[in-house]
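Two complexes are shown next, each including chain A; its partner changes from chain B in the first to chain C in the second.
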Partner chain A sequence: MSPQLSKHDPAKKWDGPTRKYDLIKEFVIALVVVGLLAISLAALFSSPDEPALTLKSWAIADAPDFVATATGELAGTTVSAGYGAPYNTAAEGQVLGPLKLQKWAGVRIPINPADDFVIAPLAIDNDPAVVSAIATWKAASADQQGKWANAYADALSKAPKATTLPDPTGAFGPVPAIATGLYGLARTGALDGLLAAGDTPLPTNFTKPLLFLADSGTYFPDYAGARHLQGDQWGVMNETGSYPGQSWLWLYSFWYQIDPFKSSGNADVLVMATMTILSLALLFMPFLPILRRVPEWIPIHRIIWRDWYRRKEE
Partner chain B sequence: MSSKKMWTTRVRESTLEKFEPEDLLPDRQPAYVASWIYIFGVATIAAFVMLVISGLILTFEGPAWWHTSSIGHFFNSIHLWSVELFFVFMVVHLWGKFWMAAWRGRRWMTWITGVISFFASIVTGFTGYLIQTNFDSQWIATQAKDSFNSVGIGAYFNALNTGQAMLIHVSLLPLALGGLVVWHVILVRRKGVVPPIEAGGSE
Partner chain C sequence: MNLLSIDLNHPAHYLTAGPISVSYGNLVMIGLVIVLFVVALVLPFPSHDDDERS
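For the complex of A and B:
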């Protein structure tokens, strides 16, 4: 065996045999090959582009769901209304043992779904019935508002195809007029602009219309489910159509498919904590006593450097 | 005051003077640098270059261009498939370096910069998906917000704020990732390519 091929201190500069290696030529060839590969794949398979959903498309395609969700915002029963930080203080949010990271971050993006999604946009509506309903709503106590909205939400849940219901006893107060007014505003497309442009006339922040859309009971989740995008369908790592999506998020999506994560009310923080621990393990692999020795015990390196080891044995 | 105390001198001594030209752009490598696995590092960088080129074209034309133009859609497709290739190459490179125990010989910082680059790439890819301004971006944003919110990050990085995600995706992250890759490659050149695992030769 050549003395130069014997045991070498990996920290020292290599003084053994060398071979020609043209790094620049290798990079140029790699760039040309990878470039051609990307262009060929683009030409062959294109890329998905499912148009964005709007509050208008929601109101037209699933009017009962839209009206029920708008009523839910007034009743404070939607996901947004009961979310907690960073939108409001309606809930404590997810916890990791004693750690209340969500709550501790504070309400930095304040959202009041009843006011922001329903009442404020209707300020532009000149319909006397809507103007009167808004005035009645604003003059009522929070307790009375809740009673009206919950009564109407209950009634709508028993008539799943209805977009408005009669109120012979007055139990719903101004809520039917408000919900109907918002529905009319949404059908024209005006609500999309009003929610997006709440902070500036040239919007780049779609927090309000997206939170409202995500509160949908059927339209938004069913649309995603039909495109294999729900959480229990490996959700975030997929994209519409038959495309690879963010396949590198497979491990992150994996935890949502199994217990205790998938049945936990704190699933998101549990998955984030798990992935943080695994990420730190990968990052500090060089210092982990057992894991850093694994490549020595499983001799895949003998395949990678097979020419080297063959020469050494000769 | 001694010139040794000057910041400029210290920076020069700890950077430029650490390198010989042959270390930065060597035309010879140790004889053991002869395996298909070495292709994937440079292939990852090549895919990154394709991403920057296609991304710049999409940036100059604006975020809605690719919805209405067939040429724009084609460049979006190139960007998408460059991302897919980038991650395939990077993951094979990462696994290859794991099985080579490439952190040996005081190369731990090379490993760490590589892993941070991998994480930064995931964040870059994710923000790219957020700014497609189509249904995919809407759905991913509304789902992912819960993860960020659950650990308090959502109060500062709002997945539903398309403008925020767009600026981070096209400015901060490519710069950060580019810097990390440069640092990573310089470390590889400075420390040299890790030698084969010898019998009893690990640290």
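For the complex of A and C:
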């Protein structure tokens, strides 16, 4: 604290300028004005009306991508399969220098994409081909499962419009039948309910369906990209349609558009660290050399308190 | 009420310059915030002379 500030006795009564101020009156006026504005603007512009994306809409709109992603879940090659905490230990996750922040947070929502997104939901399927395929999958070693799933994923990647492929040599094992079974389940909408209600009596936990959807190779990223909602499109501050979005998040969003943030695998933690430093600088601005002189160079406070400064000069 | 409303559920237009990309909707809101800030600075504080002393 500067010597000047320490001279003031906090118990001493304020003897500077005062002003009568009716806080309740201002509160009521603000409430009425903002309330009328909100009702009027809602009536005039309505609200964003973008339909929710579901596993059903995905399976219907882009069946090859759905089947390829389901196969990727079995192969363990999707984003969620290799994400690390809080879902699994497959990766170290985001770090800040030597601080392994994501790993230290621990696996708090354990998810095995192959089992949780594909195998478990198919337990309700009575199709003999699917029941047999699931039994074969469960009886196989992890190594064999990986070989089947990777072989089928490779084959699908060479036939991007296919939803199923023949297997004359048996290299794919039960994977085509499992992927086709899950695709059928998704088209009916049953998969959305099964994944959302898997852990709770009510379908309120959307972690699994959202993770599965986010693993999509083309459908989900293309859908978001067309609406400028990707991270590298300032998506954090955009809204669907032509509605204004969260423009107050411009500074958070800004960092994702420039290097080294946008090309870093640790972009999220780097941006949060940068914003923390900037927020602390703002908080402690009166104590920071150079920065504390900004009000002298840009004296906006003299405009706000212009009456007082004018009288002082008189 | 639908007859009076303005439908904004259509693809937005964006102002793009280098790494900057802002939708017109956001641009309008940012402009309104700046205007409100300036107006709040410039407009006199509602008061009576006998309320104040210096």
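Please note the rule applied: the second predicted complex is superposed on the first by the 284 of 314 C-alpha atoms of A that agree within 3 Å, B and C clash if a C-alpha of one lies under 4 Å from a C-alpha of the other, contacts with A are read in each partner's own complex, and residues count from 1 in each chain.
One rule holds in what follows: a residue touches a chain if its C-beta (ideal position, glycine included) is under 8 Å from a C-beta of that chain, and two chains touch if they have at least 3 such contacts.
As the structure is a prediction and not an experimental result, all values here were calculated from the model.
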item: Which superposed partner A:138 touches (first chain B, second chain C, both, neither); value: neither
item: Partner chain(s) touched by A:20 [first = chain B, second = chain C, both, neither]; value: both
item: Partner chain(s) touched by A:48 [first = chain B, second = chain C, both, neither]; value: both
item: Chain C versus chain B, contacts on chain A by residue; value: B
item: Partner chain(s) touched by A:239 [first = chain B, second = chain C, both, neither]; value: both
item: Touched partner set for A:228, first chain B, second chain C, both or neither; value: second
item: Partner chain in contact with A:257 - chain B first, chain C second, else both or neither; value: second
item: Contacts of A:296 with chain B and chain C, given as first, second, both or neither; value: first
item: On chain A, the residue positions that both chain B and chain C contact, one per complex; value: 16-20, 43, 45-46, 48-50, 227, 239-240, 243-244, 247, 300, 304, 307-308, 311
item: Contacting residues of chain C [partner chain A, same complex]; value: 1, 4-14, 19-26, 28-30, 33, 41-42, 45, 47, 51-54
item: List of chain A residues in touch with chain B within their complex; value: 7-14, 16-24, 26-27, 30-31, 33-35, 37-39, 41-43, 45-53, 83, 85-86, 93-94, 96, 101-102, 104-106, 108-109, 204-207, 210-211, 213-214, 220, 223-224, 227, 229, 231, 235-236, 239-240, 243-244, 246-249, 266, 268-269, 271-273, 279, 282-287, 292-293, 295-296, 298, 300-301, 304-309, 311
item: Touching residues on chain A, where the partner in the complex is chain C; value: 16-20, 43-46, 48-50, 226-228, 233-234, 237-245, 247, 250, 257-258, 300, 303-304, 307-308, 311-312
item: Chain B to chain A touching residues, read off their complex; value: 25-35, 37, 39, 42-43, 45-47, 49-50, 54, 66-67, 73-74, 76-78, 80-82, 84-85, 87, 89, 91, 96, 98-101, 103-108, 111-112, 115-116, 119, 122, 125-126, 129, 132-144, 146-147, 149-156, 158, 160-164, 166, 192-203
